[in-house]
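Heads up, the next two complexes both have chain A, just with different partners, chain B and then chain C.
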Partner chain A sequence: MRSTIQFGPQHPVWIEPLRLKLTMDGEIVKDADLEAGYVHKGLEKKFEWDYNKGAYLSERVCAICTQHHSTCFCLATEGTMNLEIPRRAQIIRTIMLELERLHSHFLAIGLTLESIGFENLFMLCFRDREAVLDVFERTTGNRILHGINIVGGVTRNIGPEMGKEIMDFCDDIEKRAHDLEQMILKSYTIKQRMQGVGVMSEKLARDLCVVGPVARGSNVPYDVRHDAPYLMYREVKVTPIVETGGDCWARSIVRVRELFQSIDIIRQLVPMLEGTPDELFAKSKVLPEGESFARVEPPRGELFYYVRGKKSKDLDRVKIRTSTYANGPGIVPLIKGSHLADVGLITITFDPCIGCFDR
Partner chain B sequence: MAMRKILENIVKNAVSKPYTSNYPFTPYEHFPGTRADVTWDGTKCILCGLCQRSCPAECIVVHKEETKIEYMNTQCIRCGYCVRVCPTNTISQNEVYTKPSREKLTVYTLVTNENAPIIKKRKAEALKKSEEAGGKPVPEKPEPAKKPEK
Partner chain C sequence: MESKTVTQAELQGIVNNLRERGARLITIAGVDTGENIEVLYFFHTGIGQTDNYRIIVPKQGGNEEIMSITPLIPGAYIAENELSEMFGVKVRDIPGRFFLHPSVNAPLRRPVPAKAPQKEAKQ
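== the complex of A and B ==
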């Protein structure tokens, strides 16, 4: 006998509303419907105003990858004005991008562990995340909505003292991340729970065009930082971290390994600040005209902004394609045929950000 | 091995001080340079209205006729854009947060700058009037109707 179960919109696994309509045969999921749109805000329409305010608005699309959203918007808008931002501003933006990835991955790993009932390690993850947020408050003035990106550069400088502080922080956080990695890798319980659950084959990943750690967990080496470098990634080379398993374990391990990659990139970037002229902002002489797009790599995968100007301060059109929007179709084929108890775990390893999904 | 590490952590946390702070009783201490709400200096402002036009949250209203600036504290997103665009460095950003509230906590700032175009114009008009009236002293500036301040 088949029965239908509503999974969501309010479910303890997710922090945001998403609805799955599951058709069950006993314990096995036979069919699934994904329904989103509970937090649709109509932000793309709101973007048709002053482009200087747009940088602040773009941070509000998603509260976890704020820096990535505003950087992508600024890059696209600078593209319409053919504006080259100063080198120091580029370095500061890239440092912030990598710090953002650190805190997002700590959050994602913590939530994954919480979904399998490992609350102790979840708390440890969030304690480490707090250290990253402290650095954000120290450097940008705010914990989550940093507001340092503007079209043409950044508003706050990172001086030599702050640079040293960030380097010290890197040593500290690497030790903590190493502890976390050891605890996760050597834990028999976590391995048994996550290995072989929700396997996404390489072919399926390529067919559905999934991005980010979901793709990299299924042996698809796609990383915008490597394939289409922007900002300082032209100089700091990034090799995509790839796992071959394709299951929940592989997707989580990609995130754990990317923590160390991010720390490594920050370590390479901070010394570049020395000797760079103290120029943070380049003023544009023209207004946005024509169209342009930009791609960056947030913690969840590729993010895309399209901007069209009409030779006035107001923008004509802004289109956003977020990473969770690209990953969303991957959820349904994975939970088909899985146990009901695994549905929460499989969806949370996609690191779904429904604020991005609906915009 | 992993179990040993976890047990080690448990023992360490059992004897050490709690990592979390006793929040409502011990207030959270912000780092220097935190962006919080903004204040106006009434002696510097020229009532140009740039801050009102630049504010993404539309929480600033410049009343030119009443020479007043209205600032809705809880509507502000603390982005600091108004501080950046101000031509006379009137606006300064504080480092102390206001507690969350259900009300808008509107703050009014009265502008007394002599160089503000509107105040200058009024002064000139008042002077002209007094000359026409035959040297009879007239109050420098007509007092605007006062709104209830919170």
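== the complex of A and C ==
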């Protein structure tokens, strides 16, 4: 006998509201409908205002990838003004982006483990994430909404002392990430619970144009840092981390391995600050005119901003394509045919950000 | 930003060709320019390369319709739905509702600018 279950909009496995209408045959999901829009804020309309306030607004799209959103908005807007930002600002932006990847991946790994009952490991992940947030507080004055990006550069410098502090932090967080990696890799229970669950084939990943660890977990080596390098990724080469399994385990292991990649990139970036002139900001002599777009690689996958200026302070149009927006179509095919008990796990390995999805 | 303006029929062939070449759809964006609605298609075609296409849809009082690329690239489903609900452009075989409540109608659509009154010809 078939029955219908409402999974969400308020469900403990997601922090934000999303609804799945599941048609069940016993324990097996036979069909699923995805419904979003519960936190739609109409932000694209709000962006039709002063471009100088756009970076502030873009940080409010998502509280986890704030630096990526403001960086992507600034890159797109700077594109409409043909504005090149100083090298030091580029380095600082890139360091912040990688720090953000660290804290987001700790969050995603923790939530994934919590969804399969490992509350202790969830707390360990959040303890490590707190260490990253402390660095944000020391460097930007803010833990979540950093507020250092403006069109033309950044507002906060990283001096030699802070640079050393970040390097020390890298040593510390690497040990912590290594401990976490060992706990996950050596756990028979986690492996058994996640391997072979929610498998996305490489073909499906390519057809649905999914991004980030969801794509890379399905053997699609798509990483904007590699495929369309921006800021310092033109100098610091990034090789996409891929897994071939396509299951919940593969997506999670991509995130674990990317922790070490981010630490490695930060270690390469901090010494670049030495000897770089203390210019943080380039002033534009023109207003945004014409169209431009920018892409960056947040922890969840490719983020895209399209900006259209009209030679005034107010922007004509801003389009945001977030990571979860791209990954959304992949949720339903993976859920179909799975057990009800796996629905939460499958969706959480997408690291969904509903605030991003709805905007 | 470079983009190529194409017709809807041309776009179908282009998308088919891009798909066979392994291109990825980045997204679809709508822009209301007053008299027309421009639909922009962004594709990632290789390292550091994108192909951007634009179709121009003249406004017809909310009766505009464009062809869907979802049958060719399933990843376009949400973007085409959003285009439809935000700009009121119907996309063929797409429900046209995803994020917004049915009571909200085309919030990003702008009014057609009023034309200046034409002067009567002197007899």
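Going forward, the second predicted complex is superposed on the first by the 359 of 359 C-alpha atoms of A that agree within 3 Å, B and C clash if a C-alpha of one lies under 4 Å from a C-alpha of the other, contacts with A are read in each partner's own complex, and residues count from 1 in each chain.
We take it that contacts are C-beta pairs under 8 Å (C-beta built on N, C-alpha and C of every residue); 3 or more make two chains touch, one makes a residue touch a chain.
In this text, all values refer to a predicted model and were calculated from it rather than measured experimentally.
J.: In the superposed model on chain A, is it clash or fit for chain B and chain C?
T.: fit
J.: Angle chain B-chain A-chain C between C-alpha centres, in steps of 10 degrees?
T.: The vertex angle at chain A equals 100 degrees.
J.: Tell me which partner A:E279 touches in the superposition: chain B (first), chain C (second), both or neither.
T.: In the superposed model, A:E279 contacts neither chain B nor chain C.
J.: Can A:K319 be said to touch chain B (first), chain C (second), both, or neither?
T.: A:K319 contacts chain C only, not chain B.
J.: Taking the superposition on A as described, I'd like to know which of chain B and chain C A:Y222 touches: first, second, both or neither.
T.: The second partner, chain C, only.
J.: Tell me which touches more residues of chain A here: chain C or chain B.
T.: Comparing chain B with chain C, the partner touching more chain A residues is C.
J.: If you stack the two complexes on chain A, which partner ends up touching A:E27: first (chain B), second (chain C), both, or neither?
T.: neither
J.: Touch check for A:R127: first (chain B), second (chain C), both, or neither?
T.: first
J.: Considering only touches as defined above, state whether A:Q182 meets chain B (first), chain C (second), both or neither.
T.: It touches chain B, and chain C stays clear.
J.: Closest Cα approach between chain B and chain C after superposing, in Å?
T.: 22
J.: Going by the contact definition given at the top, which residues of chain A touch chain B in one complex and chain C in the other?
T.: none
J.: Would you pull the chain B residues touching chain A in the complex into a rising list?
T.: 1-2, 5-6, 9-10, 19, 30-31, 33-35, 54, 56, 77-81, 84
J.: Which residues of chain A touch chain B in the complex?
T.: These residues of chain A touch chain B: 50, 52-53, 56-57, 120-121, 124, 127, 134, 137-138, 141-142, 145, 147, 155, 179, 182-183, 185-188.
J.: Show which residues of chain C lie in contact with chain A when the two form their complex.
T.: Listed in rising order, the residues are 1, 3, 22, 24-27, 29-32, 40, 42, 44, 47-48, 50, 73-75, 77-79, 86, 98-101, 107-108.
J.: In the complex of these two chains, what residues of chain A are touching chain C?
T.: Those in contact with chain C are residues 36-37, 40, 42, 44-45, 79, 206-210, 222, 226-229, 290-293, 295, 302, 304, 306, 308, 316-317, 319, 321, 325-326, 328-329, 358.
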